[in-house]
Every structure is written in structure tokens, then in C-alpha cells.
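Below you will find the structure I want to go over with you.
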Amino acid sequence: MEIEITRRSKNSLILANPVMAAAGVLGFGDAYGDLIQLEKLGAFITSPVSYTPRRPAGGARVVPLPAGTLVHTGLPNAGISKVLGKYRTLWEKMKIPVIMHVVGTNPEQARKCASRIEAEHAVQAIELGIDDDATPEEVHQIVGGAARNTEKPVLVRLPSQDTVVLAQAAVDAGAGGLVACAPPRGTARDPYSGKLVTGRIYGPLMKPMMLRLVKQLVDMFPEVPVIGVGGVHTQQDARDYIEAGARAVQVDSVTWVQPKTLEYIARDLGGLVITREQGALADEWHPGMGETERKAREAARRKLDEDSKKTPTGH
Amino acid sequence: MEIEITRRSKNSLILANPVMAAAGVLGFGDAYGDLIQLEKLGAFITSPVSYTPRRPAGGARVVPLPAGTLVHTGLPNAGISKVLGKYRTLWEKMKIPVIMHVVGTNPEQARKCASRIEAEHAVQAIELGIDDDATPEEVHQIVGGAARNTEKPVLVRLPSQDTVVLAQAAVDAGAGGLVACAPPRGTARDPYSGKLVTGRIYGPLMKPMMLRLVKQLVDMFPEVPVIGVGGVHTQQDARDYIEAGARAVQVDSVTWVQPKTLEYIARDLGGLVITREQGALADEWHPGMGETERKAREAARRKLDEDSKKTPTGH
Amino acid sequence: MFGIAQGALGVQSYEELALFGSSFSACGLIRKYSFHTNDEQTMREYTGIIERTVRLNEHYQHLHLSVEGLGSDLKPGQSFLARRMPERWEPYLREQWWPVDLKTDEVVIERPANILYEPGETVSLLGIIGQPYRYKRTLRNVLLIAYDTPPSPLVMSIPLLFKHHVSVTMVLSGAATQYPTNRLPPELEVIQADDDLGWTNMVMTVGWADQVFVVVRPDDEMERFERVWKRFSELRAGIDKNYLFAVMQTALPCGVGACLACLTPLREGEMCVVCTQGPAIDMTALPFSS
Amino acid sequence: MFGIAQGALGVQSYEELALFGSSFSACGLIRKYSFHTNDEQTMREYTGIIERTVRLNEHYQHLHLSVEGLGSDLKPGQSFLARRMPERWEPYLREQWWPVDLKTDEVVIERPANILYEPGETVSLLGIIGQPYRYKRTLRNVLLIAYDTPPSPLVMSIPLLFKHHVSVTMVLSGAATQYPTNRLPPELEVIQADDDLGWTNMVMTVGWADQVFVVVRPDDEMERFERVWKRFSELRAGIDKNYLFAVMQTALPCGVGACLACLTPLREGEMCVVCTQGPAIDMTALPFSS
């Protein structure tokens, strides 16, 4: 499988699998250890990195929601130099392309990060995260600045507000691909502290909105690869994005909830045909995987059998 | 309680309660019968009405989602004349203001509907529903056309995309108030037919997004009343909108799921202090209400007691 | 034993519909263009307590619910929109629960076996949803067909029909053959059809029936009903009104005629609000292309 | 009886931390600015089966989970991120489950009594989360404090401490007084404090303790820990390092150090990843205003 996820160029990025985790989901690459085998994914996208260090946001940063969650981190990171110093070796050893997610709130910083990445063998592409309140002019400036300072492809992750308008600006400024969309921002009341918290919303209900936007972008920019992201929780969700015309898919918060889901999705969209029942995936894919499902099924069956013994059969 | 939900004018709309149901939730006023006492609400908003009749959308129109649902009706209605003919008497007898929701996709039809409503004693205000793909110019034309043809206040219900830009156009064109927002559009796969269906997304996860937008609008247009709508499922959700600066709140899909929730919220925000446990609401408010909750509690208690007898107490 | 009120046959008979309008009305008691018939019965929220769960086979179970205040007003064709307590938002909308047996203040509901319900659990029931099936006064033979879906919406009518000396045949096709028929009255003739709604003696069964009620898998109801319609058209010279009924299982967000998501277009610009006027629609009124 | 591996006291002793960095490290084994310590132990997904549920009182219950492959590696301070099966999205994120007792391949979890768990249910457990509490080698007296929250994160340490002849006092304040202490070892001294963390003989209890571990209601952890800090500052001339520990119950979306939502700033620009380096943080490192 060869999937070109950026516009044709000498550095265009070609993946062997259309599935990756969204920026911030896997950290900088060592967090999940053996729980997720990164080389099964199409690419590794780093947590957001800025030119200068950023501290975490204060106060409550996680609010539980019905079938979802609000998370606000403040994009803490040590700054691009420190991050590269610490993780370069790990990334060089990775068997899949590394895409660095760069916080795209400041043209100057984005430009400097691009120059820095241009010189880094460990990183193959940039994903620029665009601020929700950015204007088309700002997007043009930020994306253009980054694109002019590196020959590596610059993917642009769009906010879910004004997506189409901002996509036009990004494409005009040289975006190598579009990532649609960042989780929408929202405000929710933290049930513990009673305070209103602003952050990003994650959950399966995000998918229908994002799927519709992806379709719009694909129709509008037939020549620009679009990566779909938002609310992917199952293989079918991922396939829906592909069917809508996305070249690839990013999986986000379900990875936190059920880490192995990410691998299941990658395996499925990577073209591995499921020939046996789900429990059998374990052996083919990742030792230990499928355990829980198999046991859950066994337990459920045991329980049903016991229940049927308990319940009277007479009418 | 007196809440002015439209800009100050000789016809400005003053409600006794800040809670209503969103357009389409209660139908044309007779659907819920005794299940919901409409006079406890601030106003009654009709299902969407167009100048000419509209047929329902074809195919699957309801897709279940995790903690939510997608609904696509196609805004079926018999056309404003027939609707008025059928429901005028019912609306005249209502003890609360009637706001007619007018499909605002066509300037000509919106203008004609406004003229028609101007002459109707049964209807006190218009809520214009703006299409998701409308441009600011279109919004200006549609809202302006309607506002010039009636002295009754014209509320404008904004889509959740490009909300701020479209709000500016609506305000400039004479909107008497803003309703934020219409449920976002999305695309989801119908699990029964396997087909992709486009429609509107309802569910509690919509609230954080809409709450944030309401706050933005309130800050931007301090002189224009804003009505908050989206994902209200509890009294606290409604209060959050008020705290964000909304003058009033519309409750939507939870009404279908649990009709009495609408009354609970109206009661709560209407200033009635809860002095006893929830089950006691029944008597004060609506005969029969609270039954289910009380029984649920009793059953749960009974169950726990039984369980504790069953489970061994030794360690 | 059924506690169905007298008059379910007869009083609600189909012929009476003519009283309500000059035009042919296929769906409930509506006249042309009149959306509403909710005045018929008051919609209520009932509290059900699951007293017993009985597993029928690996696919189906029965929930025995005690429902205070329900009385015995429920008739075949009618259902509830149910919501389990305590409040969870998944599933979000209420589910349509089909009763298969009724005693005073107790109702038996048919549900998939893979959902865990617990005795003692409380359920909120919005109802009563829909109109009773309307039988011909002269009814002698009824055919019930379940096509790739459990026959649950039809089951409650069986003992009632036998009580009125109507003979009943049930045809199960496709996935419906998983249905445990051993619990149905022994007088019932059960035909296991092939997957495409064919069975031996089809011409005879169809010819002999005075009325036919059909449920199909709700994945693409209209297409499936059209397939049924075509099958019947091949077998009979012409299909009369008041003979072949589509029992609709359209998704019902509100169940009371408010949201209009269940509005179904009929022939000649007519409309049917499935939740208040369904579930049974005369197939001659459905806008099939053929 | 506890099956905790030898070395939980001693090998993991706090003094050893100096080996890992020149600067003072308050949180896990980190050096300044180094985010990660996940190499310490492999994160796994375990399958737990609820074998038994025991209701302690109207507020609390114990779940007895058999967990294959868990062995006896779990130490006081460590926990799981749990998710009940089958898959539902409410609650969406995994919940932090605190073990209060451990045998080989069986673990006892403390949960609120108002959630229904069923014997036979399967639970997915992501773990092991966090670092064990680090006790002083010279430990004689330990004070455990639960302030408006159940003491669950502290309970597992009690028998272990007694086994090492450390005497243990537990202070329950506010909502924590609902906790059923009758199941705790009889040697444990339990003090029911007032709602604002006051009790008689406070000066003595605090002075006598060699180490103190505090859990607070997670509504506003930092403010509450600061209140505890102030109380202790009033009672002691100065608070030394390695004496007073905040046991954090920060929300943990991923539990493995990936999402950085649990990153907590310390003094002097240091950071603590609560999921991998917590739950215990030396309060002298917390950036209180006072």
C-alpha cells in the first residue's frame, strides 16, 4: 500500500498505511511502550511543539462529558530544541515517517520551527496547527512562512470553524495537505469544581460534523490530499472518511480510552483481511492483543448460560 | 419575571420565563397534549414553516449516535396559509407568546411570510432559520426583507458555522435578536441501511460548542438579546447559557427523550425554588410528574437492599 | 390470557374509516392533509418495573413489566417508547418496545437477548404509541409475515384473533426464522419460508387470506415493502384496499407527532405520521414506483 | 493478607532518589525537565473479572477482581485505569480505580456503592498507573489524612506498614467520615476530625509523624492541598522535604504520559506527570503562593 498524503513534490510523503494518531494523542513516541506498536501505523505525529517552551494550562483541564470529554492542556512542551534533543534518537529509529506537529499561532515561531525541521533527518514533515480564531490572512502568513523555510511538506490542521475559508488560504500559501479538523473548542462546567472550563471537545459525536467538512474540502480541493480526523472510534468510522475522499485518517481520543483500537483500525485499513473472529487478531498482530475481548465474550456467554438456568422457563 | 428577548421596540417581546422549546421540537402545539403544559414555558415556537408547502425528506431520517442522534426531516410543512388556517385558533388560545419559525432559505419566501405574519394576531414574532451555507450577503437580504415587512420582532437563528460573521450581517439587517445556534449539520452512517445520511446533530455534547459561541456573540453584540440553544439537557445546562449572557434558552432534543425535562428546566429557571426533593415537584407543578423518578428511586433502593442481603458480608 | 378490551375487533373496524373523510385514508384515522389524531388517546409517561426476564433462545427474551395505571387499553399494533432509568444518554433516543402479551397492569415485551435487563429495574414508557390494527368485520383468515425481522409487532394479535375464531398463519423469512415459535399458540400455522420470501403453497396461502400484515427489517423498509408488494402482485390479479398492510418500524424520535421525522409520503400527496397514525399502512397507498 | 513483594519498603526508599539527579526531585524519579519514567514498568491492559461485590455501607463497596497475570507487583500508591466492557461511551474516559487489597492475581477495588457492578462482569484495566509511595527507611509513625474524599488511595498501605512495625494513624475529615472504618485493621488509630481538618491533639499527632500522606476531594486539589500545607505550617516550625505528601487524584485521560493533561507545574519550573510519576508529590515542591 502506498498512500501519498501530501501534494506531489520531490519530498512528498508516502505512507504504507492510511492510519495515524492525531497530534498529542501518543505524546512524543515513548509513552505507550508496548501497548501500541507504532510501526503498524502510517506515520507518527508528535505532540504539539513550539519554538519557545510552553507551560501547561492551569486549573481543571479535563471535564467529563456524556460520551465525550473536554481536554485543555495549553500545549505544554519544552520548545523545539529541547524536544529534538530528547527525542531525535527515538524518532530516527522509528520505522515510520515522523511528522512534527508545530503550534501555528505565531508566524515568526512557525517559520523558525520550519527552518529547524528542514535540517532534521529525524522529521519528515510538519503538521501546522492553526488557531481557532485565526483569520485567512494570518493563515496565509503562517503557512506561507513555514512552507518557504522548508522543502519538507507542510500539512495544515484546520480548525472546525470557518474551515473552508481557512483551507483556501492554506492551499494558496502552499499547504502540502489539509488535516480536517482540529477538535472544536467548547466551554463546559467541571462537575468537581463547578467552574466553567474552555478546551477541546472529543467524542464520537464529533465525527458526523467532521465527516461532512472533509467531504466539502475534498470536493473543493481535488488536487490537495485531505486527512480526516475527528471522532474516529471504529474501523467503519475510519473507512467513512476514506469513502468521503480522505487520503488518510487520524485517530484521536479513543486511543486513550482503548489503546488497542488504534492498532485495530490501522490493521483493518492497512488491508489485512480479517479471516477469523476478532479474538484471533492477537496472534497475527500484537501478542496479548484481543485478550480482553475474548475474555469478555467468554464471561458474557458464561453469564448468559447461568442466567438462563436461573430464569424460569415456564410462561 | 420579565425578560425582554428582542431589541427594545414598541413590539419587543417580553417573556415571563426564559425557557422555551426549539423550533420543531413540539410540532405545531398540539402534539404533546397533557404531557407538557405549554403555558409554563416562556413562549411557543412553531415547527418550521415555509411560504409554499414542503414534503418530507426521503430515505432514512434518523440515525442513532453515541449520546446523540442525527435527524433530517426536510422541514415538511403545508405552507404558511394552511398552517395558519389549521393552528390559528389553537395559538390564539395559548397563554404564552407564539413565535413562528420561518424557513429562511429564500428571501422572497421569507419576505412573504413576514407580510403574512404581520397581519396575524395569533403570532407575536418570527424566528428566521438561516441556512448553513448562507453567505453574509444572503443573510442580510433575507433578514432585511423580513424585517422591512413586519413590525413584529424578527429573531434570527444562526447556523453553527461562520456564526459570528453571519450574526453581524443579521444585526445590520435589523435582527431583533439572535438565536445561537441551529444544530450543526453532519453526516453519519445509518446502521440499518448502511447508507450515509446528512442531517442535524443533537446531543449533550453539542452544548460546550454552542455555549462558547453564545458567549462570543454576547460579548460582541451587547445591545442585541441572544437566546442560547444547543444540547441543553439539565437545569444547570440552561443556567450556564444564562450565565454566559443569554437572555433565554431553547431546549431541544431532550424533550423527545424525556418530555418532562422541558418543564423541569422552565420551572427551575422561572425562579421557583426547589424546597423539597425532586420527587415532590409533581404536586406543585403538573399532576403525575415526578412519578417515574420517585419509583425509580424506590426500586433502586429496594434492589440495593436485596443485593446487600445476597452478598456475603465476610471479607 | 389476554385482557384486551372488547371492541378491538369491530369498533375499530376498518370500514368505519369512511366516516372520517371522503378520500381514501390509508394511514390511521386521518383525512387528507390533516396531520393529527392525537386526540384519540392521551399520551402518558408510565413507569414500568421489570419483574422477570425470560430468555426464549439465544436471540430473544421476554421482559415482564408491571406497569401501574396501564389498565388494559393496549391493543395489537400499539407500542411504547421506552427509556431505561437511571438517565444515560446511550442509546439516546427512546426505543420502540413491542408488547406481545398484556394482563391488567402487566405487559410482556419482546427484546433482543443480548441486552442485559435486570429484575427490579425501572423503565419509563411513553405511550400508547400508534393505532390498533384494523381488522375486517368479515375476517376469517389472517396471514402474518415477518421478513428478516422478528415478528414481535404482530405477536400480540395472535391469541386475540384465535379468540374471535379467525385462523392465523405466520410466515417467517430470512432472519425471522430464528424466532422461537414454540411459545406461540399451538393453533398457529407457522411457515418457514426461504430467504427471499418464497414458500410452497404460496399461491394458496395468499389467495386464502382476507388480510395480510407484514413486518420487514427496518434497514430499507420501503424497498422491502415494495418487494413484498411485487410478490403479491404476481400472485393475485389485483391487490384490493384493506388487504395488504405494511407494519412500519420507522425510527420515532418523539412518538407524539411533534418532530415530523416519521412523516411518510403516501400516494397523491398524502402524508402519514407513523407514530400517531401507524404502524399499519395499507400498501395500496404506498408510493411504489410499480 | 498482602502479597506485596519484598522491597516495597527500602528498595524504593526515598533517599535513593538523589541518585537520579542533582536537583531536588519531588515527583517520582524524575530529574529536572525530564518528562519520562515509563521505562520503569511496562504498561499493560489486564482483564479483570468481578468475582464478588461487597457492600461496605451505603457509600462504599468492594469489588473483588480476579486479574490474570497481575502477579503481586502492585504497590501502595499504584492504581488502574479501568473501563467496563462491553464498550459504552459513557463514562467516556477510563476511571481511576484504587486497589485496597491484593492477593496473587486478585485485587480488591474500592468504588462508590451507588454504581451497580455485577459478578461475572469483565473490566479492562490499564496499568499499573503511577509510582509506589516512598517511605523513609527510618519510618516509625505515619499519618494518613483523607479530607472530604474517601481514603481509598491510602488504604492499601496500612497492613504493609503494620507488617513493618510502623504505627499508623488515619484522620478523616468532612465527607471522609462516611468511610466505614470497621473493616480496617484494628491496630489502626482512626481520628474523626471536624469538617475543617481540625482535631484534638493535633499538635501531637502532627509532631509525632515521620511522614504524612494526604488525599483531598479532587474538586480543587491545589487549593485544598494549600489549605493542608497552611495548617501544617502553623503546627510545625518548618516543613521538611520528605515529610508531607500530596496524593493527587488529577483526571488522567491516558494514564501513560502521552496526553500531558495531567502535567502539574512544581516550583522552579519543574513539572510532574501525575500519571507516571504520581500520585504522591512532596508538598514542599508544590508552587503554593504562601
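Residue numbering begins at 1 within each chain, and the chains themselves are lettered A, B, C and D in the order written.
Operating definition for what follows: a contact is a pair of C-beta atoms (placed from the backbone, for glycine too) under 8 Å apart; a residue touches a chain by one contact, two chains touch by 3 or more.
All values derive from a computational prediction rather than experimental measurement.
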Query raised in the report: If you tally the C-beta contacts, which comes out ahead, B-D or C-D?
Result: B-D
Query raised in the report: From the C-alpha centre of subunit A to that of subunit C, how far is it in Å?
Result: 46
**Report entry** Rounded Å distance, subunit A centre to subunit B centre (Cα mean)
**Finding:** 34
Query raised in the report: How many Å are there between the centre of subunit C and the centre of subunit D, using C-alpha atoms for each centre?
Result: 56
Report summary line: Multi-chain touching residues of subunit B, meaning two or more other chains, are 65-68, 203-204, 233, 303
Report summary line: Touching at least 2 other chains, the residues of subunit C are 89-90
Query raised in the report: Chain contact graph: line, ring, star, complete or other?
Result: complete
Report task. Would you mind writing out the residues of subunit D in touch with subunit B in their complex? Result -> 52-55, 89-90, 113, 116, 183
Report summary line: Within the complex, subunit B is touched by subunit C residues 33-36, 38, 42-45, 47, 49, 83, 85-87, 89-94, 118, 120-122, 124, 126, 217-220, 251-265, 271
Query raised in the report: Along subunit B, where are the residues that touch subunit D in the complex?
Result: 66-67, 303-304, 307-308, 311-313, 315
**Report entry** Interfacial residue positions of subunit A with respect to subunit D in the complex
**Finding:** 24-28, 30-35, 47, 55-56, 58, 60-62, 64-69, 71-73, 76, 78, 82, 86, 192-194, 202-204, 233, 253, 255-260, 288, 291-293, 295-296, 299-300, 302-303, 306
Report task. Report the residues of subunit B in contact with subunit A in the complex, numbered from low to high. Result -> 65-68, 70, 161-163, 165, 184-189, 196, 198, 201, 203-209, 211-212, 215, 233, 236, 240, 243-244
